[in-house]
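In the part that follows, the structures are each spelled out as structure tokens.
Both of the next two complexes hold chain A, though its partner changes from chain B to chain C.
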Partner chain A sequence: MSASTATSSTATQVLFDAPGPKGRRRILLLSVLSMLAIAALLAGALWQFHANGQLDPNKWIVYLRVDYLAFLGQGLWGTLKVTAIAAVVAFPFGLLLALARISRFSLLSGAAITWIEFFRGIPMLLVVYAFLLALPAFGVTFPRFWMLVIPMILVSSASTAEVFRAGIKAVDIGQHEAAAAIGLSRRDAMFSVVLPQAVRLVLPSLILALVTLLKDSTLGYVVSYNELQFQGKTLVSITRYLVQTYLVVSLIYIVINFLLTRIALVLDARMKARAASS
Partner chain B sequence: MIGFENVRKEYPGGTLAVQDFNLEIASHESVVLVGSSGSGKTTLMRMINRMVDPTSGRVHIDGDDVASLDPVQLRRSIGYVMQASGLLPHRTVLDNITTVPVLRGTAKREARERAHELMETVGLEAALAGRYPSQLSGGQQQRVGVARGLAADPNILLMDEPFGAVDPIVRHELQRELQRLQHELRKTIVFVTHDIDEAFLLGDRVVILKPGGIIAQVGTPQEILADPADDFVASFVGADRGARTLHIERVDGRDVVVDADGRPAGVLAAQTAGRAGDGPMGERPS
Partner chain C sequence: MDESDGIIQYLRDSVALLAENLPLLLQGIGFTVALTVLGYGFALILGTVLAIFRVSPIPPLRWGSAVYVEIFRNIPLLSLLILIAFGLPDVGLLLPYFWCGVLGLTLSSAAFVCENVRSGINTVPIGHAEAARSIGLGFFGTLRFVVLPQAFRSMVQPLVNVFIGTVIGSALCSAIAVSEITWVTQTLNIQSGRAVVMFLVAGAVYLGMSLGGAALGGVIERAVAPSKGASRSQSRTTLDVTAGAQA
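Now for the complex of A and B:
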């Protein structure tokens, strides 16, 4: 970590002149002012909450109740389950799509391009509606769980396909040459030389794709699947504590996504430290 | 034996890399193709393992036209050492060396044992086996590249400017090692470089190429130096500048050999005898 911080700071020094005494004073002043402005905004919001009685401890204490927490926990479990299953299917599928897209067979690559561009281009909500409203009109119905997971897989496979493709393209062209020169077939070269390096390169981006997937799972409320957002919604209809519920739910999302992002950063740093050659 | 017969290579768009090339390379011989960029030297070498296919003409190995051989099998039977080593960054030194033998069906354990022997042969410490290429110095990486080239015990070794990316001291050391290896192993080596000194040092025969893969002169280093075929060769080997005409100057009571530019090239042998014990420079990881 310290090494990467050092390089980035030197990069900053190369790109920008270090601020002089005047500049430093200006930066300090602006920092203090903006901090004050943010603090004022927060205080204002709190004051507003207070004025409307939203800070009443009784409205918050319920979130320490075991049954409420269990209810939200159920939602969290649903969210994690949906995300995990979507990821486990969508990521390998995305890899296959990426391989198909760069294939020499134009039929295969054409099909992959169509798939990727289609599902990358439309909002996931529309896909969910297709499964909720359009397909049942033709007599095709799915359980609620799959009405959420399948659209997640379709959309995520398209975007991760592009992540994988970027990774494959990012592997040094010399690696293809080197692999060919020592007698690896095109397939051997792809699977034992290019892909292992490509996957390592895109691992942090994949974790970010996981964060996106987790946030997409909130569309579960559309199909009434018991994920966190939907549980929150139900809780609101019971307690009528709209602000409190959604703040608690947001906090849970933020904590989970923060953890995932941290993992991505740690992986990134570890990879850079290990085999950042070529 | 490797033979080139009327080989021509034209790239789409009309670039003529090689016009009409003929050459025979005897078994156990080391031949260096030397020329400036655009001379077609790398293109020619790559025709041997079918990384490049000639537009017309044929390349044969021991009588077999390479065009009739499966490129993948062919490449596995020929050692290849490339510039900046071309090692696989995600694999350890040992795994890099064993890649080809394992692909050819050698048992993993056997391949590993052989890899350890090869590491010793090319002068790599056993402790480096588990390292990744990025953890090695340029010279060490190049040694791994040579070990990998030799791993499947090929008869032919192709070397594409293998020492171009290392500093002069390490390069010299690697050149010496290669000479020693060739003395022991007697492979057929085709070596590509733009450095005429390297060519003279390593080649039993040297092929000097003009742009378009035209042979300016073929011969032993002695023949070429003693009798350059034309002005092109003379200027390429530096004979016209007198860069290779050495003379003796007396400095502090010693006879110093000096080249045409007045740079000292060495001291006369009789006077260095007393200091002959100095070992070669050690190589340090960067």
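Now for the complex of A and C:
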């Protein structure tokens, strides 16, 4: 076993011996049994749907109709727009917060720590309610779009700040020392040596932060902004096909988030492989 | 002078409001704590079972648990809660809204617990598992006596993050009419118009629970650390991409 793979991810293969003939028979038996158990679970769920008339093709076929798809597509567009704008503002803001947190001015770092811990510790729903219920009482109102996007930015800035901080910490200490050795000041070293590497390191984590933002955008359901989840709610009130609509909506979220997560993990694996080979 | 009188009056009114609605507030806090503790407790059990499936020699169990994780890690919690609370009655399963909340939190957090336990298992050097097998331990013996106890150490911090995610996620149960603290404070907010006080109460509950969980995690982490003062820190911290990826 080579040194580079000594602690890596293939624990699956060493937790059990390569099975002999008897072991293989037992694994086959257990495989068949667990296959049956999984099939029974799925069959039970399908039966429950069928028994309550939810498998009626008429209730599903509507999701192939152009106008329904366009309606959901509109919601998807809203979701993507909200997520993109929140990310564009929140990520640079998070980077600034991370720099503030590690700065030597204790006032600045104290403020950044307070901000980060506060918005990481409370639910986004509470921030949404602040914009939806509390601020209007003081005469401050926002359009629905911003009532969703501003809380997303506030909450995401705090969590991405921690992502950037981890990235900055992960840059090799030798990089700081080398920068100092060629006479760069602390600030120059940070901006022209450490940060460019840190931002590359955290790229996969930022994609995962995008997944979190996409999930948070479902709170448009609460503020009645036309994103996918709320669009689903409206569709339910029109068609009354509740399970079907929410299943389709959830499936769309799952597919998008799955793809984003995959990209992040592949990117991460590739970067780790490159770091190991160099 | 009017200014300070106004503030005192406001404080007095706020305290009166809180005292008046104390039973409701306590009930809200109780529901939040119950949702979190039950959801997280069940998620720990389900997630560990799924992680064991994931490293087991039985292929269908490995695939089943992988599919489970991909579904419940990627579905937004609010969508899941809505699907459970409003969708299940349509297929003939009636659950009280509170248990819908617990179910949703459990299903969602279990996926994250599974991922963290699995990556915890992967941090244990392969030599340990090989040594365990060479002295004749089977799959469960290796996991139970050698791998999991060591994996648990590196899992404490990620599992605390899952706990905080569950605390924060429990707020979404107010969208499915569970009268937990967000629901209670916002209802009182609409009735009384005293937003600041209500937000302070709700915020204090969540911050208290998150920070309390983090502190408890720190205590546990020190308790299970291999030896006092032994430094496990490296000069270069490795970056965990999935850290904090929960909503």
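Quick note on the criterion: the second predicted complex is superposed on the first by the 236 of 278 C-alpha atoms of A that agree within 3 Å, B and C clash if a C-alpha of one lies under 4 Å from a C-alpha of the other, contacts with A are read in each partner's own complex, and residues count from 1 in each chain.
In this text, a contact is a pair of C-beta atoms (placed from the backbone, for glycine too) under 8 Å apart; a residue touches a chain by one contact, two chains touch by 3 or more.
Only a predicted model underlies this, so the values are computations on that prediction, with no experimental measurement involved.
Q: Considering only the touch criterion stated at the top, classify A:I254 as touching first (chain B), second (chain C), both, or neither.
A: second
Q: One more residue to check, A:I238. First (chain B), second (chain C), both or neither?
A: Once the two structures are laid over each other on A, A:I238 reaches no partner at all.
Q: Which partner does A:V193 contact after superposing on A: first (chain B), second (chain C), both, neither?
A: In the superposition, A:V193 touches chain B alone.
Q: Now for A:S31: first (chain B), second (chain C), both, or neither, which partner does it touch?
A: second
Q: Going by the contact rule set out at the top, does A:I61 touch chain B (first), chain C (second), both, or neither?
A: In the superposition, A:I61 contacts neither chain B nor chain C.
Q: Which one hits more chain A residues, chain B or chain C?
A: C
Q: After superposition on the shared chain, which partner residues are touched by A:A180: those of chain B (first), chain C (second), both, or neither?
A: first
Q: Examine A:A40 and indicate which partner it touches, taking first as chain B and second as chain C; both and neither are also allowed.
A: Neither partner.
Q: What residues of chain C sit close enough to touch chain A in their complex?
A: 54-55, 57-62, 64, 70-71, 73-80, 82-83, 86-87, 90-93, 121-127, 129-130, 133, 138-139, 142-143, 147, 164, 168-172, 174-175, 182, 186, 189-190, 193, 195-196, 199, 202-203, 206-207, 210-211, 235-247
Q: State the interface residues of chain B toward chain A in the complex, per the touch definition above.
A: Touching chain A: residues 49, 51, 72-78, 80, 82, 84, 86-90, 99-100, 103, 132-134, 148 of chain B.
Q: What part of chain A is in contact with chain C in the complex they form?
A: Those in contact with chain C are residues 1, 6-12, 14-17, 19, 27, 30-31, 34-35, 38, 48-49, 51-52, 54, 118, 120-126, 129-130, 133-134, 137, 159, 162-163, 166-167, 169-170, 172-173, 201-202, 204-205, 208-209, 211-212, 214-216, 218-219, 221-222, 229, 242-243, 246-247, 249-250, 253-254, 257-258, 261, 264-265, 268.
Q: State the interface residues of chain A toward chain B in the complex, per the touch definition above.
A: Listed in rising order, the residues are 174-175, 177-185, 188, 193, 196-197, 200, 274-278.
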